[in-house]
Every structure is written in C-alpha cells, then in structure tokens.
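Below are two complexes that have chain A in common, paired first with chain B and then with chain C.
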Partner chain A sequence: MSAVHTAITTAEQQHRIYKAFDWIIIPIVVLVIIGANHIHAMLTMGDWDFWIDWKDRRWWVTVTPIALIFFPAALHYILWNNFRLPFGATLATAGLLIGEWANRIANFVGWAYFPLNMVVPAEIIPMALCLDAILLISRSLTMTGVLGAMLWGIIFYPANWVIIAPFHVPIEYNGTMMSLADLIGYNYVRTGTPEYIRIIEEGTLRTFGEDVTPVSAFFAGFISVGAYFLWLGIGKWFGLTTWMKRV
Partner chain B sequence: MFNIKKTVLMLMAIMVGCIALYAAPALAHGEKSQAAYLRMRTLLWYDVEVSTTKLQVNDEMTMTGKFYWFYDWPSNIAKPEVAFLNIGIPGPVFIRKASYINGVSGTNSTRFEIGETYEFKVILKARRAARVHMHALMNVKEAGPLIGPGRWVEVTGDMADFTNEVTTLTGETVDLETYGLANAVKWHIFWGVIAAAWLLYWIFQGPILIPRYKKVKLLNEDADDIITPANRMVGLVLLIGTMAVVTWSYYHAHSQYPVTIPLQSGQITIPALPDAARGVNVEMVDARYRVPGRSLEFTIKVTNNTNSPIRPGEFTSANVRWMNPDVSKAEPADSHDPVASNGMTYEGGAVMPGQTKLLKVACTDAAWETYRLAKLIYDPDSRFGGLLFFFDEEGNRSVVALGGPLLPVFI
Partner chain C sequence: MSTPSEAMSGDISKGLIGGKRIAIIFFAVLAVMMAWRVYQQLFAWDMGMDSFEPEFQTYWMNLLYGQWIVEFVLAAVIWGYLLKTRDKDVFNITPQEELKRMFTLLAWLFCYVWIVYWAASFFAEQDASWHQVTVRDTDFTPSHIVLFYGTMPAYILAGVGAFLYARTRLPQFAENISIPFLVAVVGPFMILPNVGLNEWGHTFWFMEELFTAPLHWGFVVLGWTALGLGGLLIQVVLRMITLTQLDGEVLVTEHMNDEDGSKSGY
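Up next, the complex of A and B:
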C-alpha cells in the first residue's frame, strides 16, 4: 500500500509555495543569464562592443545584432513554450547590459583606468522590447522570427545613433581628419590593441556608395532571422527535461 | 582522526593564502620571454631616449629613437606590411598626444620596408599617478608586439586634475575624458527603466512559473488563451512606443550633430631614412657564442668607403648594448637598462679609408644569460642579428646591420 502525503492543504499555501518558487528560481535564472550571455557576447562581438572606435557603420552594425539574438531566441522558446511569457529577449539583453556595465566600470575603468565614455556598451534593449512585443501581439514564434528578428537587426543602428553620434563629429588632429571616436582610440594608449586590429569599414561597400549602414542593417536583420530560428532549436534542446525526469 | 574534508579545505586555504601573499604587481612586459632570434632579427631599436622620467599629471614628455627592420627577417614571422607604432604601458597612464615616424603623423597604421631605418617621436601627456616601465613598441599585424627599450617613468599628482580638451571642426571644445558620457548613461538608464517595467509587469502578475506551466500543459493547443487582450494591448503600446522613441532619438541626434564622419581607417606608407651605413660595408665571416664566457665573438670583413678611419664602438641587439668605451661611452639609464659599458672589445685596429680588413669583435656580458639571449643556440633557427656602430675620429656614426649562423662553443 502506498500513499502520497503533502504538507500543502490549502490554496493559499499552494500560492505561497508557488511564489517562493518564483523568488528562488528567477534570481538564479537572471544571474545565469547575465553570466552566460556576457561570456557569449565577449567571445562573439567583444571588441566591437568594448571600444567606441570600433563602433563603425558596417561591421559593428552587422556583427552585434546577429551575435546578440542567440540568447533572446533560446529564451523565447523556453519561456513562451512552457509559460507563455513573452519577455525572453528583454531578460537576455537587460541581463547582458547589467553584466557589461559591471565589467566596464570594474575592469575597464577601475583596473585599467580607461575613461568610461570610451567603453560604453551598445544599447540593445529597444530591439528586445520590439521582439518581445511582436511575440506577445502575434503569439507566434514564427512571426516573431520573421518580423521581429528582421526589425531587431534594422533598428540596432538607429537606436544607438543617439549615443554614438557625438563621437562621430570630425576633428583635425596633427594634420589628419579623424572622428572624436578615432581620436579617443588614439589618445588612450592600448598596448595590446593597435590601430590596425580594428575590424571596421574600409572604403565603403563600393557599389552602394555611402549607403553602407542601411545595407548592413538589412543584412544583419536577414541573418538574424536565420539565427533566431536556429537558436529556437537550441532553446528547445536546452529546455528538455530528460535529466529532470531521472532526478 | 584524519578528516578528508577538513584537510582539503585547509590545503585550499593555505594555497589561496600563499597565492595572495606571493602575487606581486606585474612590473614589466615580458620582454625577456620572447624568443632570442625574434628579438635579435626583427626590429632593432637604438638611440631611444625619453625627455624626462619624473613628471606631474598634465605634464608632457617625449620619447624619441630609431628602429631598423632587420634584413634577415625570420621566415616564420609576418613581415611589417601593416604595423602601428605604440607604447607599452599598463593602461592609459599617459595619453598619446602625437606620434611621428620620419616626421609623418603616426595616427594610422603604416607599411614598413625590410632593411630600412626609420626614426620616431611620441609625445605623451601624463594622466594618472603611477611608476611604470614604459617601452617603445611596434605592433606588427600577424606578428604581434615587437618591444623596444624601456624606461622607468614616475608620474605624480591627482588624476582628477587631468583634462584632455580638443576643439572639433564644428568649433566645439570638449573634454575627451567625459565627452558624451552623460548622454550615453541617460539613454541606458531610460531603456533600462522601460525594460525593468516590462519585466516587472509580468513578474508581478502573481506566481508565474508553476501556475503558468501547469496552465500551458493543461490547455495544450489553446495555451495562447493565457494571453489576454489587455496583455496584447500592452504589447502593442510597447512596440509603437519603442519605435517612436527610436525614430525620434535618431532624428534628434541628426539635428544635434548634423556634421559627422565615419570612423577613419586609412593606411599610409612612409619613406625610409637614408642609409645609415654611410659607405661602410660589412661581411660576416664567422660567429661563435662562447657559453662559459658569455661572449659573442665574430669575425667580419669591413670595407671603409668613407673619408675617415673608422672603429667599432657599439654592438646592439634585442635592446641590449655592448659598448667599446675607447670609442663610444654609454651608461645604463636606470636599473633595467641593459648596457654593458665595457662589454665590447675588438682586434684589428682602425679601418682606413678605402681599406678592407678583418676585425675580430667580442661582445661579453652576463646580459646574454639574464636577457635570455644565449638560448639562441637552442632555437630551431639559431642565427643572430644586430647593429654594429662604427665611429670616425670626429664622432660620425655608421650603422651597419650584420648577422648570420651562430656556432656555440661549450668548452
């Protein structure tokens, strides 16, 4: 003979337990996302996001949205499929930014003494809000992948222009024209990061003349669509409960 | 009784304590750790000087010198097709106000010619208090940093007093220490607050994990019904609001900064200096490294095409200098400046104008060991290189690059 005994006897107790579960799990998940997404971001787009003189209108615009849609897509799958919660992208990007700001202030400024304006991270929350909102409105991961991920890539540069525009004002320096971002990169000596190591636009896209940014942004959006669906699959794999069942 | 948990914890505590106590600040840049052949046969620096070694925050100093791209460049090291004159310091203790190579601004990366000599000048402004070992440095694409001589420099004062003001082409004077920061922080806070509100909107809808999970599994294909019309309306407002703010901020920035340029990335080519050999030719006949005596001994055939008798006064390689005090004198600039003031001797006397003769030169000093140059004989490519300085009676200098296979003498 067997019987299941439980300490929960009322709906109120059950509610309290559910809430306690939230308060235990959510902070842990947030910390894991901050750490994991931060490592991922440093490995995939590191210097583009570290330095103001890497934030160009071609490579930065292309690489950053593509690299950063991975975690939002995976979290979208897990949170939407299991809980119908549409904030995976915002959770991933806000977590990343918390980690990035902590890193920039403690490491880049606190230890290495770089000025903070040189190492401000890219703004990515507006893209995440759009992605989440489209998921909520459409209630479809497919629609979110097609429309939201495209929008994710396209609005990255406009959303950041308000932050980086001041650094693109020209200056004459020792007979050379530079942007203020270039000058900051030149002034503040980085022994291990010489000028040539920057992977930034050189000589425009030729056929497209000066319209580098829109082309790069659309390309980033296009690839982000593919990356979104790929990472939905990875999110699905991460969300498997095979091992939990064994436990 | 033996307790394994306690023992492991104690060992870990001892280990952490030892590491914490032993860990000393890094005071150098690993210049001795690079392979000897790399230091001797790539970039050879000389005449490196700093204008001062003690300065206050906001004071300027100048580092000058010359470098020669060794003619017998190692085949496994990338050639200097793209290179950048840099400074080896721990973080921006200084800002680089200007740098010049043969008088041309060094803001951009540059292409250099093997076998040629260039002179450089870097103007630095002290930014924060520190005592640092500062090096001239050349970053070469795909080859890495080629480090030059170092000098101990001490900066005193308060970093809070430091300013870095510049005037843009649009006439605005700004301090690059803080320029644009308040604006960036403002926008990050704004979007951070919106993100927090969005997350809290969901989190504070009661327990969200277990009840929603159960509902999703229960409703199965109708799980979307969990999302209420009010939720979707919030989503619509969020989407439209976000797009509106992004669009407004973009055009607002355009109106605030109507003149902007893309990041600049051009590269320049700088012509080399005239030949520093000034008519002195040297052929390597034979070179040996005497291990017990810590001495490089080489025989060279010297042809003097100048108008004056010449004698060798200095041999330099890998930032170490061996001086022949009868001809040229130099003392270490500080405790880490490897100058062997009496390190060079030679046999053969002066080389007269138009004459070709053999000279036997010996460069002896413990620096061969302390600077890990003796390890050259154990390298896969155990050839050496360096610059030999000849002087005439009026002090005119001819700089000649020489090198070749090096045979060890163990007994």
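Up next, the complex of A and C:
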C-alpha cells in the first residue's frame, strides 16, 4: 500500500468527508435494518402481527416482545460499544414499522383487499424508547438487559391498549359470545384460520379478563431478559472485524 | 459505478457521494420493483390463481423464464466486467483514489440494501397476504415468482457485485477477505437455496396457513446474517479514519468511545 496514508490536508476536507459518509451510510443502515428485522419478525411472530383476531391476551403478549428484542439487542452492542449511539432499539422498531406499514397498505389492503383496521401492526415504539432510555441513562448494557428488557416485555400490552381496546369488546352474535376481533376474523376466513382455531381459540386463552395478560407480560419480560443477553453476544459476533487470507 | 463525479478532479473531499449515481440506483431499482408490483396487480388474481390454466403459463411462467434469462445475463455481464477490469496494481493506489473507491463501494452497498429492503420486507410479507387467501397448487405462485426468482437474485447480483468490487479495487479488501462482508453477502444469498427447503416442505405439508411455522425459520437465520454489515461498517470506518487523518492527529482505532480503553458499559 501507499506510504502516505491520508488523502486530505485540511480540517475542512475532513469535516466534509465525514458529512458525506454520514449521508450515505445512514440510508444503508436504515434499509438493511428494515429488511433484516422485518423478515425476522414476520417469520417469528408475523401471524400475530398481521391480524386483529390473532392479537390475543396470551400468545401475542408473549411471542411478540420476545421475538422483537433480538435486533435491538444486537444493535445495542454494535452501535453503543463502537459509536456510543444509544438508539439501536428505536432504530430497529421504527424500521420494522416502516416496513410493516408499507406492506400492509400496499399489499394486505391494496392487493389482498383486507380492511386496514384488521391488519394494523402492533405498537412497539414505546418499548424501544424505554430500552434506549435506560441504556442512555445507565450507560450499561447489563443494566439495560436486566431492567430494560424486563420493561420491554411488560409494557408491550399496555402500549397497545388504545389500539386493541375497541376490538376486544365482547359481543353476542347468533347466540355466541365473542370479541369484535373474532367476528372480523370469521368474516375474513383465511388459510390461517385453522391455526387460529388450534392456537388462539383454545379454551383457556379466550378469557376476557383475570390474570392471563399480566402473567404473560411478565413471562415475556423474563424471556426477553435472557434473549437480550444472548443477542448481545450475537451482535458482538456480527460486529467482529475479522480478516482472513483464505476461506 | 466507477466514476463518482466530475467534481472529484479538484478537491478530493467534494462530490464523493456522487449524488447522480445514487439517484440513478434509487430510481432504477424503484422502477423495477414498481413494475413487478403493478404486473401483480394486473395479472395475479385474473391469470395467476390456477397453474393448470393456459393463461398462467402465458402470464406467469413466461415472466419467470424471462427473469431467469435476464438474471443470468446480468450476472455474467456485471460480475464478468468487475473481474475483467480489475485493478492489477491495486496495492499501489493513492489514498485519494482509495477514498474515492471506498465511496463507490458504499454506492454498491446502497444498491444492495435498497434491493434487500424490497425482497426481505416488501415482497416477503406480501407473500403472506397472497397465501392467506389462495391455496397454492404450484411452487411458482405470482408472489413467489417475484419474490424468490426476481428480487432475491437481484440483491444477489448487487451483493456479489459489491464484494467483487471491493476484492478487485480496494487494497485492504484485496489483501484479505473481510469475514463480516462475506457473511453479509453469502448469508442472504443462501436464502435462495433455502427456497428449496421451503417448497419441499410446502409440497408435503401445505403449511401456508402459518407464516411463523418452523419450516420458514431457515429464512430467519439467514436473514440475521445481514447484520454482518455491522462488522463491515466498522472495518470501513476504521479505514476511513486512516484515510482522513490530519497531520498530528491521534488515531483512535480501538474502543473508539471508551476513555480508558476498557470495555466499559457491558
């Protein structure tokens, strides 16, 4: 390589190059996070996120936070340890929501003709803000994992109360009691309806109250703590700057 | 993508991004994706529901064959061009030239991730909406023909192109193989062979009623590998720091934000 290592001579040039680098690298990072996090999310918790009737009081509350903490944790490791950027979770969740909304409107509504209020994605930004805020305040990935990841799981359902409440209103239809979400689901029978019957419609999951949701939320928080630390490790691995002569 | 901009000949720090080439990449990819999506809107429900109908052969299988031909030709041309025009004196280029080429690599990566978005986000989840209202009678559904055999080969073209560009034109990447770069290109590439597992499973079990079925988790794990771009980003940043160092400036290339150099905060 050349003996002279630098390509510039003035601080002004350096500043201009740094800005140019930011302008090109930010869209790259955002786009890859939308793509990678979305394919991960849709294939690990997608069925719950696609449909209003799948947003039940136990499985949705449990599966979604656990599946969605993977990328925030990996990004926390990469962005915080290397760049001291504390917004990995918000970046991951906001990116995911951009991907989800674009697809739900253009394809679920615009192509498959489902009503939009049947396919609205879950709200996940509040959890990410809490996770990032705890990292920012504590400056510790360990504290963020213990406190933030637990909070991540616990507040998922409350964060969605406003969206979900109208659809969980109990109604009586042809002599059978069900939620409004169920009624919408039965009017739009999908190939996923048999799995809905097998997974969501099972008796004990269909309660309208009691302690199912808080128990599920705490369980989701508990598993999210473990998943957060596991994915810190995976983020560390993906962030390694390894070079090899041959592969 | 080899000429960033005309302004480059003066001050090296000006015009590095090459706004024109980024705009061309952005709108060219957008146009192709929109064309696919409009084609689906026009012909999926009317001509794509029954693979035994002659219309299906006309509108969808011919699209598939056309895509394959275009993809093989583009791969041969683009990858062949990159290899044929490789810099045979890559270890003796000036830092200014290396800086220019680094930004060209970033343009390649922008092209790659822009297509990755359409494949892994837009058209991948679209597939769920299709299979929730139709029962498949073929592996080559209107959503699969675009997703698996259109957008995925497209990002493979760009990803391998980016990798070859770095290997043939940037000294650091020519001297050694960047493992995170390799992971970020080969992992998503392997999603295409994983389609074989997907179709094999669907042929036996007809699992389209559950998008989160374990049969689909191969896509999940391989999708994670896109995070390898994080390691590549750090490699690029470290090199950029060297290339933009001022006289007398102290280089900080490890634990960039830790005051005492330790792994604080973990």
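The definition used in the following text is that the second predicted complex is superposed on the first by the 220 of 247 C-alpha atoms of A that agree within 3 Å, B and C clash if a C-alpha of one lies under 4 Å from a C-alpha of the other, contacts with A are read in each partner's own complex, and residues count from 1 in each chain.
The definition used in the following text is that a contact is a pair of C-beta atoms (placed from the backbone, for glycine too) under 8 Å apart; a residue touches a chain by one contact, two chains touch by 3 or more.
Computed from a prediction, not measured in an experiment: that's the story for all the values here.
After alignment on the shared chain A, the placement of chain B and chain C results in a clash.
Contacts of A:Asn187 after superposition on the shared chain: chain B is touched, whereas chain C is not. When the shared chain is aligned, chain C comes close enough to touch A:Asn107, but chain B does not. When the two structures are aligned on the shared chain, A:Leu240 is found in touch with chain C, with no touch to chain B.
After overlaying the two complexes on the shared chain, residue contacts for A:Ala128 are found with chain B alone; chain C is out of touch.
Contacts of A:Gly99 after superposition: chain C is touched, whereas chain B is not reached. When the two structures are aligned on the shared chain, A:His76 is found in touch with neither chain B nor chain C. In the superposition on chain A, A:His5 makes contact with chain C only, not with chain B.
Within the superposed three-chain model, A:Leu136 lies in touch with chain B and out of touch with chain C [touch as defined at top]. Residues 18, 21, 25, 81-84, 111-112, 114, 139, 190-192, 194-195 of chain A touch chain B in one complex and chain C in the other.
Every residue of chain A that touches chain B in the complex is listed here, in rising order: 15, 18-19, 21-22, 25-26, 53-57, 81-87, 90-91, 93-94, 97, 101, 111-117, 120-121, 123, 125-126, 128-130, 132-134, 136-137, 139, 155, 158-159, 161-163, 165-184, 186-192, 194-198, 200-202, 212. By the touch rule above, chain A contacts chain C in their complex via residues 1-2, 4-14, 16-18, 20-21, 23-25, 27-29, 31-32, 34-36, 38-40, 42-48, 50, 63, 70-71, 74-75, 78, 80-84, 99-100, 102-103, 106-108, 110-112, 114, 139-142, 190-195, 232, 234-235, 238-247. The touching residues of chain C, counted against chain A in their complex, run 11-14, 16-17, 22, 37, 40-41, 44, 91-96, 98-99, 103, 106-107, 109-110, 113-114, 116-117, 119-122, 124-126, 128-135, 171, 176-180, 182-183, 208-212, 216-217, 219-220, 223-231, 233-235, 237-238, 240, 242-247, 256-257, 263-266.
Listed in rising order, the residues of chain B touching chain A in the complex are 29, 82-84, 86-98, 105, 107-109, 124, 127-128, 137, 139, 141, 145, 159, 164, 166-170, 172, 174, 176-181, 183-185, 187-188, 191-192, 194-196, 198-199, 202-203, 206-213, 215-216, 223-224, 226-227, 231-232, 234-236, 238-239, 242-243, 245-247, 249-250, 252-254, 256-257, 259-265, 267.
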